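Heads up, the next two complexes both have subunit A, just with different partners, subunit B and then subunit C.
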Partner chain A sequence: MTSCFLRYLSTFSLGNMNLHKLSSRLYPTATQKFRHLHIQSSGQQLEAVAVETASAEPNPLSVFRTSEQDPTYHSEGHSGQYYMLPPAHIQKLFPYGLPPRFQLQIKTFNEGCVMVRPPALELISYLKRADYSKPPLRYVLYGDIGTGKTMSLCHALHYCYTQGWLIVHIPDAHLWIKNCKELLPSSSRPSRFDQPIQASQWLKNFKITNERFLSKLKTTQRYVWTKRESTEKGQPLGELIDQGVNRMKSSSDVVGAVLRELKLQAGGTTEGEGAFKLAVAVDGVNALWGKTSLKKEDRTMCEPEELTLIHNLRKMMKNNWSGGAILTALSQTGSVFKPRSAYLPNELLGEEGFDSMEPFVPVSVSNYNEKEFESCYLYYLDRSWLQHPHSRSEEGKKELIFLCNKNPSILERLCAAL
Partner chain B sequence: MAASVRHLLKPWTPSLCFARWSRYNPYYLDPDPSKDTLETMKRKQVEKYHRSPAAKRLEIECNPYTIFQQALENCKPIIGLASVQKGGKSYQVPVPLTDNRRRFLAMKWLITECRDNKHRRTHMYEKLSQELLAAFANEGNVVKRKHDLHKMAEANRAYAHYRWW
Partner chain C sequence: MAASSCRGVRSILWKYGSCGKNFCVSRSKTVPQLPVRHICVSSALWKKNLAAAGPQKFTLEFINKQVEEFEIGKRHLANMMGEDPETFTQEDIDRSIAYLFPSGLFEKRARPVMKHPEEIFPKQTAVQWDAEGRPFHFLFYTGQQSYYSLLHDVYEKILAMERHQDNMRNKGLFTSETKQILLTGSRWLLKEEIEEYLVENISDHDYMRMIQLMEKLLSMPYCSLEEEFILKFRKQLEVQSSKHEIPALQYDPQGVTFSVADGRRKTAKASITLRDSGSGNITINGRNYLHYFPLLQDREQLMFPLHFVGMLGRFDVEGSVEGSGHSAQAGALRLAISRALLSFVSEGEVEKMRQAGLLTADPRIKERKKPGQEGARKKFTWKKR
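On to the complex of A and B.
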């Protein structure tokens, strides 16, 4: 109670109702420009374009947004600028794939804006130039905590989606190796364990993302689930997925079957018009080769190899198929039994993981540089997220740089409280 | 830079966990309970701001500090009741309150309201932010309690002469 009181006193001395008006009198140019931007109309993209083309001198307003909504055309010139994710794409592609704080941000700002950054641009340029008749390349995004690996992965995935690829997105592989409420012994193999809830959840999300492919692709083999249920050869993939969603017991095996089908058909050589490219995106790929925190019934630890879902994912990571790409990102935040300071692929993947993933293309993600920090700061100012008058001054900006070391996630958490 | 050196403020063995600050071992950082309330309030207001048409945007206040100040101002009672004993019977006498007492009452009412009358499963910062936003708009249970106190004081106006200080 006393600490509340002291904090109350401190805020009282800094903040006063009149200070808001005082600040707008002291810094008329910046705040009034932003106010003007708000009041004009609801078409923010149009405004940004108008400002860019109209002013000849470098106007700081135009630097942080770009009107280019298609990741295909993003280039070095757009680096550091925010582009808006179309809401339809967010609903279809990312019902579950974005980081939770970013989802909160989308809800608050009523729009989803992603910054174009060099690691994502690098990844997209590799994807553009790769040869898809050869086995897929493995890209691993690595970096310190909170530098934007998941966001870069989502940016690259958005590019794949706009190009019409089939997306297999596992938002966080760590969720499959910990906190599992139901661990059933597998129906098909005696030594494996099933996770029906996670598998059916994933199948539902897969269905939402890849609606249009479900009726086109057909199974190549007959799958028998129980004595009375089986899926015949030549059935559309949508039926297989419905089978998995409705019958929770065999959902993990359905996941394995779906992955196998996609691997076989990704090359596009079987059917003429069914040719598609497959993008396998796994966030937290170090979960596949670490330890799990799940226990078997006799209270011994489960190996990741014994879980059906993990086993099938590991098979996808091998590059014995063609016609796609494997995009992965390491993650220490969700990992079990790994120290907080570990962020390199060697440390997080472990020996086994590194040997399986090798050869891969490492893409390093780091903190914001000056230009990116500037554009992030301007974006928050534009969205009226930085409310404290001191944070809008030059000194406040320097304080922010010092406190967060230009780390994106820490900056976001700091600005939330201001 | 502060973010990257934060890991130095750790206990020197994995089995140790600091629970409180002491002058000889200042490695414990108190958690700040106020930033969650401010953040939730700001989020709700900014969401309202972005979803409203341009005409209404100027009226929506997004600064969590000003909302907090104004909400507290709205919860402070102007006049209070004191129990005075006269002739064997005690009467509730309307009495002016000092600034400190008013502030104390406003904060106490907010906290008790959040503790008692909200859903059990919500966090304290959520409950506080809802109550503060309601008080900012002069609605909600705390402002109602302040109005009840004022009405009682108005009703007991006749006993005002029993006050001798």
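On to the complex of A and C.
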């Protein structure tokens, strides 16, 4: 498996785009090639774990929970088990990044428990083994609706956070292309549009997540915002962000500037304190290349290109920098003008998106398997979430399996009603 | 053939030879003429007469003539259809008429029909008094002579049975364990059916009294002597579950048993293949049922038959459905699954499923919009003035 991976990297770095384009077009076969050995080994391990857990039945806690809170040490042995997100991390890393239903669940259960699942484990293993002196790899999580793409992304992001990376997390890119109350013409470029509210909101959250980096990083050039305001070269990044938060008018440009700075400074330069790895995580990445539902003042539709935030984000997606990774997940639920049955990358990204995202590593996320379903069911029982007495029996469990077909989000909604 | 116009005014009897007593002999010619409708009466009088005359009266000769015409017509029809006139049954007649006169009317009773005149013309009572006005039956002045004569007969039989009992006691052959009449699987005739039998109107109270008297007859020993008489007033109930057709169990090349069934609801048609393969996958029209029915209610409908029988994770369902909306499609699939399950399930379970309503096709369809109204029930805005 490692040999395949290295081969992939070498082809990529040689700039041999044509061959690779072909292979990634046939992405199902690509994933098979990639994960053939991986799946075999994990399958054996899963069986071993199942035997273990069956014998450990009298001690229910160990079956579906694990005490390992650091994602670095999660392995296939923990697959199907819940681990607890430390509350401090939740506050810092995910002020708004988790799915809204999961946030409600955290509030109800008083703890945030995430299930360790194969797609997330795969992603983390790639991140562990990647070479960060080369341009960043793009990982795309894809799958049917409600199978857990966002949660896997958050799990991988937690890993990056514990490793001390700098996190750039856009929880849902779809929020930037629809329902915008204010659309100002850009101050710097005449043909572009700004979204001050979204930009300033994002800057605030970015500040909370990456506080410790803000004083260390410095700007590399002078930015002029208006006739009276400008940020000099060599100022800490914190000042730039404050500028953006205070002055709403130029916040979108500030976002662009921040992204540019991070790109330039990630990973490469060894200034002692300055070396850091950059994790760019975008959920709903298909929003960047789709259509918007925003209208300009003359009632014509806006193109995503014309929005400053989207434009800058697209630049981030290109891999002309080094020292980090780009983690993305597709999303159909928030997307505009896309049919509900579309879930594959080429359908949701569109031609343009697929071309610009190529080459990428696709990671497929699917419904729960037997073991995962079992562990989810036990977790809900443990938390006294399933109040109906019939749901504790075998019959009830079979009914649940039938009604949700082991889809995580539907199971969650179903159990909420019980 | 099937006549439509009424002509005669004379009321003449029908022979319903069940009681064994003829109430009246047909007297077609010597009965005094009852007032005949004059042809030259004005239209106003005509209307009044029609309302007051009561149900139409047919003469015996008229009825006999209809019967002859029917028989001849039957033979003609058989010749037309190229079948043997001798063995031409009523079912064949119905089939031929439906073929020759296809009708799109929804009301089955409005369609062209050719039946024996006995079924078409209602039974009527004859004139029950003779030339001098004296009634024939001794119970005529009760007003409901056939009903009271029936009660009279039953009481006669009760008395006869008591006498028989006394005789047996005298001879010393009295036994209380006599053959009992088997009453399971049958019910008493309903009030409407009794009315039809007696050609008279009876009230609920009368009906109850009659049933009580019958019960009394049944409670006596030696009632098996009158078994034939009593069974005339009881109707056999058919066993409902024997009516269902169980689809045949077929075998795959891999040896997996499967069965195929159809279901319908409200214009949606569904066709299902139920495979006994041990996994619980359901595919509808090529898509997973989770995608095809995003609504929980529809998936619950699919779950109902399998859950009722207790075989949730056992079957693989592959179905195709078309027409109508999502709810109707779910209902059609449910019916199809229940029917397909019949071949995998025992007899007792079949009866339970029938009682649960899984095997009944839902007859509700969209109600017709009526003229003068907005929709089927909604009226136009009512304006007081």
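To be clear about the criterion, the second predicted complex is superposed on the first by the 355 of 418 C-alpha atoms of A that agree within 3 Å, B and C clash if a C-alpha of one lies under 4 Å from a C-alpha of the other, contacts with A are read in each partner's own complex, and residues count from 1 in each chain.
Keep in mind that, in the parts below, contacts are C-beta pairs under 8 Å (C-beta built on N, C-alpha and C of every residue); 3 or more make two chains touch, one makes a residue touch a chain.
These figures come from a predicted structure and were not determined experimentally.
K.L.:
Just to be sure I read the superposition right, which of the two partners does A:398 touch: subunit B = first, subunit C = second, or both, or neither?
P.N.:
Touch status of A:398: second partner only.
K.L.:
Looking at the overlay, does A:410 come into contact with subunit B only (first), subunit C only (second), both, or neither?
P.N.:
A:410: touches subunit B and subunit C.
K.L.:
Is A:387 contacted by the first partner subunit B, the second partner subunit C, both or neither?
P.N.:
Touch partner of A:387: subunit B, not subunit C.
K.L.:
Once chain A of both complexes is superposed, is A:233 in touch with subunit B (first), subunit C (second), both, or neither?
P.N.:
Neither subunit B nor subunit C is touched by A:233.
K.L.:
I'd like to know which partner A:107 touches here: subunit B for first, subunit C for second, both or neither.
P.N.:
first
K.L.:
Check whether A:341 is in contact with subunit B, with subunit C, with both or with neither, and answer first, second, both or neither.
P.N.:
A:341 contacts both subunit B and subunit C.
K.L.:
A:212 in the overlay: touching subunit B, subunit C, both, or neither? Say first, second, both or neither.
P.N.:
neither
K.L.:
May I ask you to name which of subunit B and subunit C touches more residues of subunit A?
P.N.:
On the superposition, B touches more of the residues of subunit A.
K.L.:
Could you look at A:296 and tell me whether it touches subunit B, subunit C, both or neither (first, second, both, neither)?
P.N.:
neither
K.L.:
Mind sorting out which residues of subunit A both subunit B and subunit C touch, each in its own complex?
P.N.:
Overlap of subunit B and subunit C footprints on subunit A: residues 340-341, 402-405, 407, 410.
K.L.:
If you look only at subunit A, which of its residues touch subunit B in the complex?
P.N.:
Contact set of subunit A toward subunit B: 1, 3-5, 7-8, 11-12, 14-17, 20, 38-42, 104, 107-111, 340-341, 383-385, 387-388, 402-405, 407, 410, 416-417.
K.L.:
Within their complex, state which residues of subunit B touch subunit A.
P.N.:
So the residues of subunit B touching subunit A come out as 1-4, 7, 30, 32, 34-35, 38-39, 42-43, 46-47, 49-51, 53-54, 57, 62-66, 68-70, 72, 103, 107, 111.
K.L.:
Help me check something: in the complex, which residues belonging to subunit A touch subunit C?
P.N.:
Checking each residue of subunit A against subunit C gives 340-341, 395, 398-399, 401-405, 407, 410, 414.
K.L.:
Sort out for me which residues of subunit C touch subunit A in the complex.
P.N.:
280, 282, 287-291, 296, 299-300, 303, 306-307, 310, 312-313
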